[in-house]
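Presented below are the structures under discussion, each in the form of structure tokens.
Next come two complexes, and both contain subunit A; in the first it sits with subunit B, in the second with subunit C.
This part shows the complex of A and B:
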């Protein structure tokens, strides 16, 4: 269970998150939606410890993580699939997995079964992979750390539709295996396909939460919060 | 055989020896900068410590002890440097550069207080102080030995960086350090590790290079400038690039000094300028 309370965070002198609160139950998949620049990436970076929060608390299963270094957050059970993938171009697929792998829950064999393409290209430098394969690798690297909560930041960005459906299958499989998921996504079809709940952000706070089935039929609110056509 | 052949030959072999020494000293610099964003200007000072140590090592026993001492002193200095620069880790490059420059000046002053300002000749260990004939020309044995050791060190280092898990960690940290932290690796240890290894290599390079350059005040800045040129030409954080650039700069230095002594440094900075103009991120980027 992730409990975020009154989180304030930002860069330099600017504040991006203004007292954000949020909750993810164990095994729940939550989609975080919001227009460009509302602070979704800042939220995930702060949860991961890459951006230091100024105030507020981040509790994972009762353990306080606000102010911890990213390596401590990772060992507490959170993993990040960052926006733009951020794989290491000169490091091979297999080396990515070997560096990240920890614990028993996702041994290398199981990861390659989930992403057979990566198994075939395991000795390639990650910079040689296609965009879709790089995204799979970023997910693979995150899973290898054996997290209980995985944060996905716009995994479908820049990918062809065929690959997005493949991605949806992989994420659904992760959820079914008991992982908690927070997914930031502009592609609502993907978000609705994998998540059970949505949280909508406006200017650095969560202003609305709802079940996916409820939110996807609430066209007026979706239009108002996200600027979508009804 | 035309008269220029042995001259060119000597210059080429010299260039190879200088290039490999440069590689050993510059590879640490590029890793430290590429991985941890620390521009370590104390690097030349560590080279100089190695050079003074070898000047004190006339026999094989003292040579072996001296080499071990150079490695240890370099490693300890690297650890101290990482402690000293840690509080500045999130500050601009200039702050760190100023701090390491200060440390470099302290090292130079201490050495000059200990050994004076005259050149201290360093001799190769017995047996390596002679010359061997190559194409009828006498060539210093020690330089050939340096080439041999340099090749082995370069190969070992290359293998380590390209083929081992530790090397993968090095490359990952050069590419994106935050993502290394995000998979649960404490990058502070990585930082200490590269500074220790890089500084030890700089001191070892100085020890091996001592009998070629001799120990003298000012050698630290000469080497630092050469190493910085190599790092920029090779591309920050690229081991392959640094190897290529070192060999290139070694040749420019020795051929330049043999043929056009007065223009040698212009050649060097000319090469730097051309590289920056054509490939601003370094040869292999």
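This part shows the complex of A and C:
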């Protein structure tokens, strides 16, 4: 279980997260929603240890992670799939996975079963993959580290609708296997398809949490928080 | 540092490249039989400098840390092996001790340096190299001061003495093979892949659980150890070690060898080193000893005509 309490974080002299708190249960998929610039990516970067928090607590299964280095956070069980994928274009699919694989929870064979397209293209440089396959590879690489919580930052960015539905299937399978997921996503269809709960951020803090079904039917609140038309 | 070979470098030796490597090995082993003594001596110098340049390429090409003071570890190895030989240890054990001394120095210098990056890393390595040269100049009781260590006895392997041109060549060739095998085994292993991953995207590798500083320090120490091993070969080859062996010019020439050969490929650094020795020591003699001038012109031409070095030429022609 992830417990975040009173998290303050930012860059330089600017503060982006202002006392954010949230909770993700084991096996839960939480969609973090919000308009541009509210601090969603900063939240994920801070959880991963890429941005050092100024105050607050990040506890994963009882272990305090606030202020830890990214490699320590990774070994504690959090993995990040960054916005823009950040794959190595000249490196083959298999090398990506082999470089990341750790522990026994997600052996390479299991990863290729979840992403059969990658298995077929394992010897190809990642730069030759389609956008959807590159996103699958970024997720595959993160899973290979054997996390208990995976952070997905805009996984549908730049993908065709057909590919997004494949992505939703893969994420749902990950959740069903017991993995906790935090997904930051602008495509609400994907967010609603994979998450059981939503947390809405405004100006660096979570202002509303609800079950997905409750939130998607509450048009007035969605409009108020996200600017969506009813 | 974006001019990288495809892939992170796990061992994938094709039949063609294996055959080429075997042909080069045979050519090198047979060299004393078809080369004149002076040419064999030049080739011996090329092998020593080639191994040194390849050790620098481990830093520059594999993990993206361009050092301006790498000759410090060549020199420490050379002084160690030279001093040991003067005190009776002429066996290959002296090479291992030379490598160990340089590794130890690399551990201290690397611990300071790898926490910095960019221009700060360059300046720190340059400063450490200059300090090493000053110590070599002033610690006369051990290093011989500006005169250096001279009269170093020939290296020995069991009952054999590497005193003539051919036997010395084989001694250096053997050492070159051992050093290159060590570099290649690291480069082609998952560890080498991790080093390349850190070079290309340190943040991503840290997020995958790699503590990048530890890997950078490992690469720094290994590069220093192999440079020290090459330094041991240098002492055996020159029978003389002077402060200039660990000076900035030597570091700069090694970096030049890596750039002109093409960073990220160990064999290319050796090729660049051979070219430099050839231009400086052979072609330079034909223009009234203006080898350094030729080297300068070569460097300018290489930067404009071969931005990815010699190793990048086949890719460019495609």
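Throughout what follows, the second predicted complex is superposed on the first by the 230 of 230 C-alpha atoms of A that agree within 3 Å, B and C clash if a C-alpha of one lies under 4 Å from a C-alpha of the other, contacts with A are read in each partner's own complex, and residues count from 1 in each chain.
One rule holds in what follows: a contact is a pair of C-beta atoms (placed from the backbone, for glycine too) under 8 Å apart; a residue touches a chain by one contact, two chains touch by 3 or more.
Keep in mind the model is a prediction, meaning the values are calculated, not measured.
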Next item on the list: Determine, for the superposed arrangement built on subunit A, whether subunit B and subunit C clash or fit.
Entry: clash
Next item on the list: Look at A:193 in the shared chain and tell me whether it touches subunit B only, subunit C only, both, or neither; answer first, second, both or neither.
Entry: neither
Notebook entry, point to check: So, does A:24 touch the first partner subunit B, the second partner subunit C, both, or neither?
Noted result: neither
Margin query: Under the stated touch criterion, which partner chain does A:114 make contact with: subunit B (first), subunit C (second), both, or neither?
Written below: neither
Next item on the list: Name the residues of subunit A shared by its contacts with subunit B and its contacts with subunit C.
Entry: 48-50, 69-71, 73-75, 79-80, 82, 86, 88, 90-92, 95, 98-100, 102, 141-142, 145
Notebook entry, point to check: Which part of subunit A faces subunit C closely enough to touch in the complex?
Noted result: 48-50, 69-71, 73-75, 79-80, 82, 86, 88, 90-92, 95, 98-100, 102, 125, 141-142, 145
Checklist line | Residues on subunit A engaged by subunit B in the complex (per definition of touch) | finding: 48-50, 69-71, 73-75, 79-80, 82, 86-92, 95-96, 98-100, 102, 141-142, 144-145
Item checked: Residue ranges of subunit C touching subunit A (in the complex, touch as defined) -> 4-8, 10, 190, 193-194, 197, 200-201, 203-204, 206-212
Note to self: Show me the residue ranges of subunit B that touch subunit A in the complex, using the header's touch definition.
What the structure shows: 165, 168-169, 171-172, 174-176, 178-187
